[in-house]
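One chain, chain A, links the two complexes that follow: it is found with chain B in the first and with chain C in the second.
After this line comes the complex of A and B, so read on.
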């Protein structure tokens, strides 16, 4: 147990501390969110209609950024070999790596999501739901992204490959989260989409580590 | 079908079987395709779709088969991952570009049909979107395979991705249906029997079998090519080692 706590602390510290940490992802998120009014036009009514969805899509893109470092860094410096040799099952190690990724990158992005949505003209009353969707969605993005990152270990252009692998898998959480936010904005019942988003996030937490561990073992074989 | 992988898992037997099966399936595909198209182009105009109903005989079987090919890809990937069977891996590798091609055909013919019927080449409807996502997953599979230099690692990583995709595809399909539905519901495979008039149903079914035979033939040819390529590489390695 101590070992796993230490691993979580290491992963969070690495994701938080090196190369600007979550600030890079948040800055990218702010940049994409700024582009939208520039491209679409500044009329408040038009922007407000797309604000929740636009903030949600930008969040998914921003969560792709730091995935490349999730396994690649440990793969290159040999730490991944050490993790495979440790008595803890590799599946659990992968789960903790993704949790660390979520805490260090997903959570700061989730905090930025309501700010971006309101900045684009969304109703401030939707902020709590935006934050909750971003937290749950971030969990799904981290675990799906972990699968992509582990599969593209050792590949040429690993970062781009990770994005190509992961984006089609992001479809269900994007739909469920966007559906919940849209329904809330329209005054309709939103709990259905939110519950489906939560279910999907938990399913990725349960199944993702198995695929990640298999991919890591394959990369190190 | 459970006998098929066991029977064909022996490469010698597979090569002997595919030597005559591939051209035979090809002949069936050409024969049925010509017959189905001839019937299809001679159907009366549909009262709603008019002439464009003829696109259906090219579009609908492509949409059927692109899902079927993913099932083949997933089963072959599973066999290659669990039993580390080289032939199953060659089958998965050979199926992916075919799947992408049939998916692309379904998307393009659907767009050509959508323009006169719905007034737009593309609408963001559930079925269209799930086929588009299927196409993206095929591309991701091909990209992953192409990006890893080590053949063994590439095949196992691609197999893991194919299985992750297989778990995800039903969820994607359900989620986009939850999101939006405009495409007409199924009219052939229904519990209460097809709702299509026989004059349209027959050419459609014939074309379906023709597509199936075409896929079978191309798949076998591609697997044979892959087996030969691997044999040539192994022979080159032996020669290099002296």
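After this line comes the complex of A and C, so read on.
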């Protein structure tokens, strides 16, 4: 247990610095959110209609940024060997790594999500739901991204490959989260979409580490 | 604790090429073995196979009465030039993490740092350390968390004469405490060893 706490602290610290850290992801997110009114036109009615969905899609893209190096660096510098040679099951180690990624990148992005949505003209009353969706969605994005990052270990341009692998897996959380936000904006019941988003996020937490550990073992041997 | 290492008739294939076959070795508590052979003969691969990181093409590796899963999950140390140290973290952070990860405590990490004269270096980022200093930081794991079997890949290469001697005495102490050492080397180790030569 002791060693897993130490690993979580280390992974969070490393994720904070990886690929420029959360500030770069948040800046990218802000940039994409700023493009939308420039491309679609600044009329508030039109923007307000797409604001929650647009903020949600931009979040998914921004969360891809730092995933590339999640396993790659440990694989290259030998840390992955040492992480495997431990009484801690590799699945648990992978889970901790993704949790660190989520705490250092997913959480700051989630905090930026309501700001972006309101900036685009979404109803401020939707901010708590946007934050909750972004936190849960970010959890799913981190664990799905971990699968992609582990599968693309050893590949040239692994980051691009990671994105191509995980984008299809991002579809369900995009639909559930976007659906919940749209329903809330329209005054319809939104708990269904939100619950499905939560279920999907928890499923990725449960299943993702098994896939990541298998992919890591395969890459090492 | 691992008391025996047996390699029976091992064969290993990497990237479609047969590196070696028919390699056997028995190592008992207190014994060290120098693994030699030209570049590319599979020394590192054999160490990785003992560590369970790569699978043998044929043959078997056993750890006496210790279950292989337990032996590899906390029964052995594997030290290579790929040391897993992150350049942007300080030596102190890396030492503290890796000793905890290997099952050591703060006290044992501190003792290891003192034994390897790392204390003045602990505040530096890993990127500022020389190759020899990095290797000493890696070797601190060996002392911070005692494990029976040491798998060493070119353990002496970045070390100067004085540290080669010091590391020799650390290895002697490990063997005297009933440990085992399997080391891939080009230069002879400063301790009495069995030897296993892989063919070209």
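Here, the second predicted complex is superposed on the first by the 217 of 221 C-alpha atoms of A that agree within 3 Å, B and C clash if a C-alpha of one lies under 4 Å from a C-alpha of the other, contacts with A are read in each partner's own complex, and residues count from 1 in each chain.
In the analysis below, contacts are C-beta pairs under 8 Å (C-beta built on N, C-alpha and C of every residue); 3 or more make two chains touch, one makes a residue touch a chain.
Note that this is a predicted model, so its numbers are computed, not measured.
Student: Between chain B and chain C, positioned on chain A by superposition, is the outcome a clash or a fit?
Tutor: Fit: chain B and chain C sit side by side once superposed on chain A.
Student: Quick check for you: in the superposed arrangement, does A:176 touch first (chain B), second (chain C), both or neither?
Tutor: first
Student: Looking at A:55, would you say it contacts chain B, chain C, both, or neither? Reply first, second, both or neither.
Tutor: neither
Student: Output check: A:47 vs chain B and chain C. Expected answer is one of first, second, both, neither. What do you get?
Tutor: neither
Student: On the A-aligned overlay, A:78 touches which partner chain: chain B = first, chain C = second, or both, or neither?
Tutor: After superposing on A, A:78 lies in contact with chain C but is clear of chain B.
Student: Using the touch definition from the top, say if A:112 reaches chain B (first), chain C (second), both or neither.
Tutor: neither
Student: Between the centres of chain B and chain C, viewed from chain A's Cα centre, what angle do you get? Round it to the nearest 10 degrees, please.
Tutor: After superposition on chain A, the angle is 90 degrees.
Student: Applying the touch criterion given at the start, work out whether A:10 contacts chain B, chain C, both or neither, answering first, second, both or neither.
Tutor: Only chain C; A:10 stays clear of chain B.
Student: Thinking of the overlay built on chain A, is A:147 touched by chain B (first), by chain C (second), by both, or by neither?
Tutor: first
Student: On the A-aligned overlay, A:200 touches which partner chain: chain B = first, chain C = second, or both, or neither?
Tutor: first
Student: Please work out how little space separates the C-alpha atoms of chain B and chain C at their nearest point after superposition, in whole Å.
Tutor: 7
Student: Of all the chain A residues, which ones make contact with chain B and with chain C?
Tutor: On chain A, the residues that contact chain B in one structure and chain C in the other are 221.
Student: Help me check something: in the complex, which residues belonging to chain A touch chain B?
Tutor: Residues in contact with chain B: 147, 151-152, 154-158, 161, 164-165, 167-169, 171-172, 175-176, 179, 196, 200, 207, 211, 214-215, 218-219, 221.
Student: Could you list, by residue number, the parts of chain B that touch chain A in their complex?
Tutor: Chain B reaches chain A through residues 81, 133, 136-137, 139-140, 143-144, 147-150, 152-153, 156-157, 160-161, 163-165, 167-168, 171-172, 175-176, 178-179.
Student: Within the complex, which stretch of chain C touches chain A?
Tutor: Listed in rising order, the residues of chain C that touch chain A are 48, 51-55, 70, 72-74, 76-78, 80-86, 88-89, 93, 96-98, 100-103.
Student: Spell out the residues on chain A that touch chain C in their complex, using ranges where they run on.
Tutor: Spelled out, the residues of chain A in touch with chain C are 2-3, 6-7, 10, 13-14, 17, 73-74, 76-88, 220-221.
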